[in-house]
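Each chain carries a letter (A, B, C, D and E) given by its place in the written order, and its residues are counted from 1.
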Amino acid sequence: MSELDFLFAFAAVLIAGVMCCGRDGRAGWAAMAVYGAMLVAVMAAAGKVAGGSIPSALGFSVLGHKIGWRMDGLGWFFSMLTAGAAFFASWYAAGEWGRAQPGMKTQHLLLALNVAAMLLLVNAGDLLSLFIGWELVSWAAFAMMAQKGGPAQPAAMRYMIYALAGAMAVLAGIMIVHAVTGSFAYKDFAAAFGAMSSGMKWLLAGLFAAGFGVKMALMPFHLWQAAAYSETPGASSAFLNAVSARMGLFALILVLVKVMGLSALAGLHVPLIGLSAKGLLMWIAAFTMVIPTFIALMQTDARMLLTWHGIGQGGYMLLGVLVGTGLGTAGGLLHVFNYATYQMALFLAVTAVIHRTGTSDLDRLGGLITRMPWTYVTLLMGIIGLAGLPPMNGFVSKWMIYRSLLDSGSAFLLIFAFVGTLGTILSVYKLIHNIFLGRLRPQHEGVREAPWSMVAPMLALGGIGFVTGWFPGLALNLTDIAQAAMGAPELPHGLGGVATARGSLNMIWVVSILLVAIGFGAIVFYFLGNRRYEVNQLNNYAGGHFLSPQVPYQFSHEFYPGLARVIGPWYRGSIVRAEQGIGTLLDVSGDLWRGIYHLAWTPLYLLAATVIALGWAIMGGM
Amino acid sequence: MKSAGGYAPARIRGHERNHGKTVASVLFLGGLGLMLFELISAVPFGSAPMQVGQAIAGEAFARTGADNIVTAILLGYRGLDTLGEVTILFTAAAAAGMVLAGAGRGEAQGQEAGFIFRTAAWMLFPFLLVLGAYIIIHGHLTPGGGFQGGAILAAAFFTPLLASPASPFNHRVAILVEGFAGLVFVVIGLAGLAKGAFLTQLLGTGTPGALLSAGSLPVLYVAIGLKVGSELAGLMARVFGEGSARS
Amino acid sequence: MTGTLLYGGAIGLVIIGLYAIVARRHLMRNIFGLAVMESGVNLLLASVGYRPGGHAPILVAGAAPGPLVDPIPQALVLTAIVIGFGVLALALALVVRVRQAYGTLDNRAVARRLRAENGEARS
Amino acid sequence: MSQSLPAIIYPVAIPLMGAFLLPIGARRMAELAGLFGRIVVLLSFSTSLALAVSIWTAGPAVSAMGGFAAPLGIVFYADRLAMLFLLALNVAVFLFWPRGQGAKGGPCTLMLALLAGGSGLILSGDLFNIFVFYEITAVASYGLAASGRTHAGFAAALRFLILGSVGSSLMLIGIALIYARTGTLNLADLSRIAPHALTGPVGLAAFILLLAGLGVKAELVPLNTWVPEVYGAAPARVSALLAGVVSKLAMVVALRFVVQVFPGDGAHTVLLVAGILGVLAGELAAWRAGSLMETFSYSSIAQLGMVALAFSISGAAGIAAGIALALHHAVVKPAFFMLAARWRGPVGGLAGAVKDSPLAVWLFVILSLSIIGIPPFPGFWAKFLFLKAAFAAPSAGVWIAVFVMLAGTVVEAAYLFRAVLVFFADGERGGSTPRFAFAQLAPALGLGAVLLAAMVFIAPLGASISGMADEASNAAAMAARVLDRGE
Amino acid sequence: MRLLADIVLMPLIAFITGLFLVLMYRRVRAKIERRVGPPFFQPVYDIVKLFAKKTQISHGVMHDLSIVLLLGGYITAEIFLPVPGFKGLAEEGDLLTLIYIMMVPMLGLALGVGSCANPNGSIGISRALTAMLAYDVPLAVAIIGATMTYGTTNLVEIVRIQQEGGMATWGIATMPLLAIGGYLAVHGMFGKEPFEIYIAPAEIATGPMVEMSGKYMGALFIMQCFQLYTIGVLYVTLFLGGGENWPLFLIKVAAVVFISVAVTNVYGRYRTDKVVRWMWKWPTGIALLGLALVMAK
């Protein structure tokens, strides 16, 4: 019974436990404890998995193919992420928020199912078990998204269609590999990939990239994620946002980077433009970084804004991994970890706001800083991480990705990355301003701070973000294991950060100096000059204009009017129209075929078909 | 639209016929005809390789003792086809019976046929019976057999019905005969199992040309004749809608 | 010559029967077409077994009067005829019921009524 | 190694005798008809089981009817594939025996006739004999289609009959062509003569005509316009039986023709095109279907299109995939039909069905997951076999077939889960959707249990299917078994 | 020990130089408007007056924290900015870190103004952030171009590379187009006239500064000193060969600020979207051209 089996056992016990007695209050805390235990088990397995991999007893052979599960470094890293995210989600759900929810038992059950499915996916031993895990994850996520009913259902349906189309592409890819190599093992695929014809390589790379890209919401397939993830109930959607989309990245890394190898991908050249397959994928990642971020800028719902950013951040991770150098891969993987921490904190904070005010519409919130200070602090730490500014961990991974892009000389990709970060800064400020800053709405006068059972996990996540920001070495040790398993070059790093010849980063110094400087600033501010005199939030000077406490005006709608006028025309939604085009095509051809079955007299068609077939046969059509 | 003639076809608005469809069907049919003709004439008329046919023609008499080789094939070599065929008739009759059950009186009772036909019907009855029986019994010697004889028997029972629709037609007896005849056929077949395979010929081959030659074949043909006769009569009576009330 | 006549005739019958089924809207004409078509097919099947100068496959007291025609197609035709008859009888029964149910024998109207009754919502 | 097994006729003879006796008995004790019928079916099932066991152990069985050796007389040839579908037919007929007001004499007789016809169809080794048994099945299914005794039932049955008869006549022309070219009707004999007699356009045309006849029952594209009407109008049990098993029998017979008589790739291309059109037509029409019953009618067209695709791949792998797909569909589709029988009317009206009949809804979900092909379920392994077979011999047509199949699966998942989401929608007026009496749900639950059992025993099931496929794909061995019996 | 001295002295020097730059800015502006201009110590007097005000109105904890974050941010930035004689922590954090540290005070100010709950302030910040997006794009292109040519992002290393060959190896010499594009972006960063939309007294009552009074306003004045100094020194470090010795270094920084100030007084004020369009057309175009040249080599 290896650690992996313990993990699977925990997941199974959890599902059974929630199934039978998920109804009473303590189920939430019990679930949290189990997830905690899972996290500890995964951490304990770190030593063993660093070198080789942990085989699992789970495995069966069917139709002559042996299917097994094995945990290697990469799988370990993503299992750790899943367990961690589930731990915080269940901690959050166990508290008052859970009790206030209608169908809490189903949420716990679906969370447990999702975790189990993800563990099966990330610890897959061969291509077939990878596909099995992949399908289970898609369907568990579908169930989780559709559970709330109402607007969630069309969003979930749209997700399911995308996910299944992706899964079918993956299945086709796997079967082609099987046809060529005769087995599903990764090493056979890796060995045979080199010898394949470039056409076959393109096909396989295309199928796997598209199939896994759908789950990661890469550019052309990104339309489903925002609505689907924001319609899921609070804690589960935090979990989905933090980890579920990264399963796509895991699979991409596993197949494209670890098995096929980046050098092989770089070898494949697009005939017309001088771009290689790797370059093409990097540009897709670049566009996925920028365009969803600027769509997020224009959102008016807090959850939609955050989910659109989730898509954008996915682009960073993929870009980092695809650079291929030790620094880039470490940057990409670290960004996965960092993203999980701050995105989850943000989503839990927004859920707390929804829990208290009942809405997440940015045009109807404002000034909550006076009512919900701790949620404000969490959101602040979250947006600093999301924007990638120094004190938080988001900055470290972004810096590493920029550094690796600079080293590999891809300047234009770096420009896209910069523009993406700038867009993020603008939209996260809009988020925190429209919710917490500005004037408090009259109806939110009575709003109280979120209960401690909700604030505690949020602050803990924020704390993790800060600590790994201050000492990135802690997180880099985790990514080293994944990097080793991925076959990417080793990254020498200290506790503070990375020291390379062409520019180094030591976060210990940066953050310490920042804190010292802020301390110095505080001294200057608080001790020089007279005592401060606090004024009511609504007592403002407006230069004799319309402003008065009776007429509260919160500037939140259309927050960046100038920018909107410039980039407004770019939002033509061409991809949305393409999607609708496919939809109508399906409906029209469906009606056409159904029409045939509604004809009054059908023997004519039988006759026609037979005559055509006979004609073809007689014309010697062997 | 009710016309006195009972089942006169309702007027179909024929005028707005769909010309496009007619042209299409004519074209396709022409194509089909040409192609079929060309296909079938790939084997010039009369020169088809009579591989199995020649072999059977050679040994049929020796093995079955029946003069009429077609009967030998029908009941001997391809006995199962005949069983299948009888089953189809039976199934069709059962299905028609089910479909028409409870159809009620439906249209008006068919009115009496002309006087000449009414009297002739009753006179014809015995002759038809004899002719039918003859054809069934000599199935293995002369052309004809269970099916042809059965049809004549059915006609024998059906003509009086045509003559005077009111006259009763006893469906219960028809179904009884039908069931038992079918059963006889299958039982003989199963009895053949003892001698090797299903439907093996029993009772030897008998003296060539004599009435009692060709072993169990004539028995089978009598069973078929009775079955076909009762089925057809019952079927036509039911379709004619006369005695359906009592079935 | 007789070959083309026979084959041509058989296929002609099939074509006529098919025309009645395909191009006409009156159900009774369709069923007649069916009957004609089946007779055409049977004729085709029977004429396949023709041998020039062949006698009917009836032996006289065990001796064949001369070269025999291929007996198998004749057996097959006999079966096919009875099958055709059975199907036709069922068709007639169904026509009677359809006539009573829908009051018309126009297959287009029947089809429309049928779809309506099947409750296929025109989505 | 093969055995001569005269008893192979019992699966046909027993139901036949039952059919002949039933009307006699039915006149007096109407309700006894149902019971008597079930006993006959049980008897037939047990004999078939015994025969199957002996065939599994001692190899395929050959039995010349009337003692006349192969090329002259009619031969029954039963290998494991035939026995599998025979058992499936028996189980289905028993499971979907007419109940309630439909259980009077008529439908039961037809059911027994259908059983006899189906058994003969799958076991027979003679071309014309297959035609005769096919006609029995056809007439029985016309009658059963009308057994609902509704106006729509009669009209649908009539249109079905006309279409079927046109198909049968074309098939007969095909048989005439084959007989004209080869002079024999025995499949084994044909498989020996075919390579030099039937390879030309005439052979291919003959196959097309045969396929036109079989296609009507096997729901191939241009020939299946009767499907939505008949399945909508016939009683649900009949639709379940027809869609579930009888259509598969026609497909298996088509497979026999392809394997034994027309091994050239012309026939495979025809099946491939029919399959692709079938999947396209089925999935797209189902996407726009109104009621559940209509959706499943089109879905069964699509599934049979997939089976045709599988059979169009020459070699044992294709056949194994085809068998797996057909078997899986035979288990899942009837259950769907039983569910659709209660949930009539547009899907929208079934909101909140999960509150009224949770068991039925969860069964629906499991069946949908399996038919889409989600890994743990057997549906996935069927598709897996198909993809393995397809990619083993990739040609342009096969690529299109794979694409169409995968795209079809996505569309299928879309419309099935569109319905599931409606079921789970929190319909405010609970209690408005029809509830399930246990008797109505029993067959569906039974099939669900079979599905789950198959999920658990997938390994042995997979091995036996591939064994079956190897045996069924070897035409030369079949011919040797039948012809060189040395009697 | 050496590091402790750097940490204390570098911000101090930055503040003092910043005061001179502000003084120079106001003097030049006065001269152009043909008036005498403020006395030498006027900036110091302003700050002392503001800190000495009796009523220091605050709009909540975040308002205070933002000022603290502001000062802390700039002090940290100074420490990472190498000047002749003082290396500070430039080795520990490179150019990219510096750029992001410069964004911390901007975010701090935005949060502070936001918490003042004054719509004018919010509109001001919205315009300020839009302007930041506008000028940061060409700036990013320039910086990327520069790091591409130098091959390193370590500022001390960059200064050493530029000083190797005297004037010929200065950034402006090796990459003229990038230097010009960069300067136009830097001009936007100063937040003066053509790009001063977010202060626009007429429309939004001096935007972010509307609620700032007393020592809050004083802190903003200090920020302005730091801002002028940091941006000037950054540009000098990247493109003008950094400081060989103090007098030359001060002259270069003064020159950078002087040109910008001179240009400022001539223009009116661009609307926000005009700022974005202008910034993304001319400076970005020039910088991209320069980058293309750099990449070509």
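One rule holds in what follows: a contact is a pair of C-beta atoms (placed from the backbone, for glycine too) under 8 Å apart; a residue touches a chain by one contact, two chains touch by 3 or more.
Owing to the predicted nature of the structure, the values given are computational and were not obtained by experimental measurement.
Asker: Going chain by chain, each one touching the next, work out the least steps from subunit A to subunit E.
Answerer: When the steps are counted carefully, the minimum from subunit A to subunit E is 1.
Asker: Could you tell me which chains are in contact with subunit A and with subunit B alike?
Answerer: C, D
Asker: More C-beta contacts across B-C or across A-C?
Answerer: Answer to which pair has more contacts is B-C.
Asker: Centroid from C-alpha atoms only, then distance subunit B to subunit E, rounded to Å. What do you get?
Answerer: Computed from C-alpha means, the inter-chain centre distance equals 107 Å.
Asker: Where the CA atoms of subunit C average out and where those of subunit D average out, how many Å apart are those spots?
Answerer: Comparing mean C-alpha positions, subunit D is 26 Å from subunit C.
Asker: Subunit A to subunit D: how many Å between their CA centres?
Answerer: Centre separation, subunit A to subunit D: 46 Å.
Asker: Provide the C-alpha centroid distance between subunit C and subunit E, rounded to the nearest whole angstrom.
Answerer: Chain centres of subunit C and subunit E, defined by C-alpha means, are spaced 97 Å apart.
Asker: Can you pull out the residues of subunit E that are in contact with at least two other chains?
Answerer: Within subunit E, no residue touches at least two other chains.
Asker: By the touch rule stated above, which residues of subunit A touch at least two different other chains?
Answerer: Residues 599, 601, 603-604, 607-608, 610, 614, 618 of subunit A each touch two or more of the other chains.
Asker: Mark out which residues of subunit D touch at least two other chains, giving numbers and ranges.
Answerer: Subunit D, residues with two or more chain partners: 128, 132, 135, 139, 142-143, 146, 154, 157, 159, 162, 166, 173, 176, 179-180, 183, 185, 201, 205, 228, 288-289.
Asker: Would you mind giving me the full set of chain pairs in touch?
Answerer: A-B, A-C, A-D, A-E, B-C, B-D, C-D
Asker: Could you please specify the touching residues of subunit A with respect to subunit C in the complex?
Answerer: 598-601, 603-604, 607
Asker: So in the complex, which bits of subunit B are touching subunit A?
Answerer: 21, 24-25, 28-29, 31-32, 35, 38-39
Asker: Help me check something: in the complex, which residues belonging to subunit D touch subunit A?
Answerer: So the residues of subunit D in touch with subunit A come to 159, 162-163, 166-167, 170, 201, 204-205, 208-209, 212, 216, 221-223, 225-228, 264-266, 269-270, 280-281, 284-285, 287-289, 298, 369, 372, 374-376, 380-381, 383-385, 387-388, 390-392, 394, 402, 406-407, 409-411, 413-414, 417-418, 421, 424-426, 458-459, 462-463, 466.
Asker: Considering only the defined contacts, which subunit E positions touch subunit A in the complex?
Answerer: 7, 11, 50-62, 64, 67-73, 75-76, 79-80, 89, 91-97, 100-101, 103-104, 107, 110-111, 114-120, 122-123, 125-127, 129-130, 132-133, 136-137, 140-141, 144-145, 147-148, 151-154, 197, 205, 210-211, 214-215, 218-219, 271-273, 275-277, 280, 291, 294-295
Asker: Which bits of subunit B are touching subunit D when the two form their complex?
Answerer: 35-36, 39-40, 42-43, 48-53, 55-56, 63, 76-81, 83-85, 87-88, 90-92, 94-95, 97-99, 101-102, 172, 175-176, 178-180, 182-183, 186-187, 189-190, 192-193, 195-201
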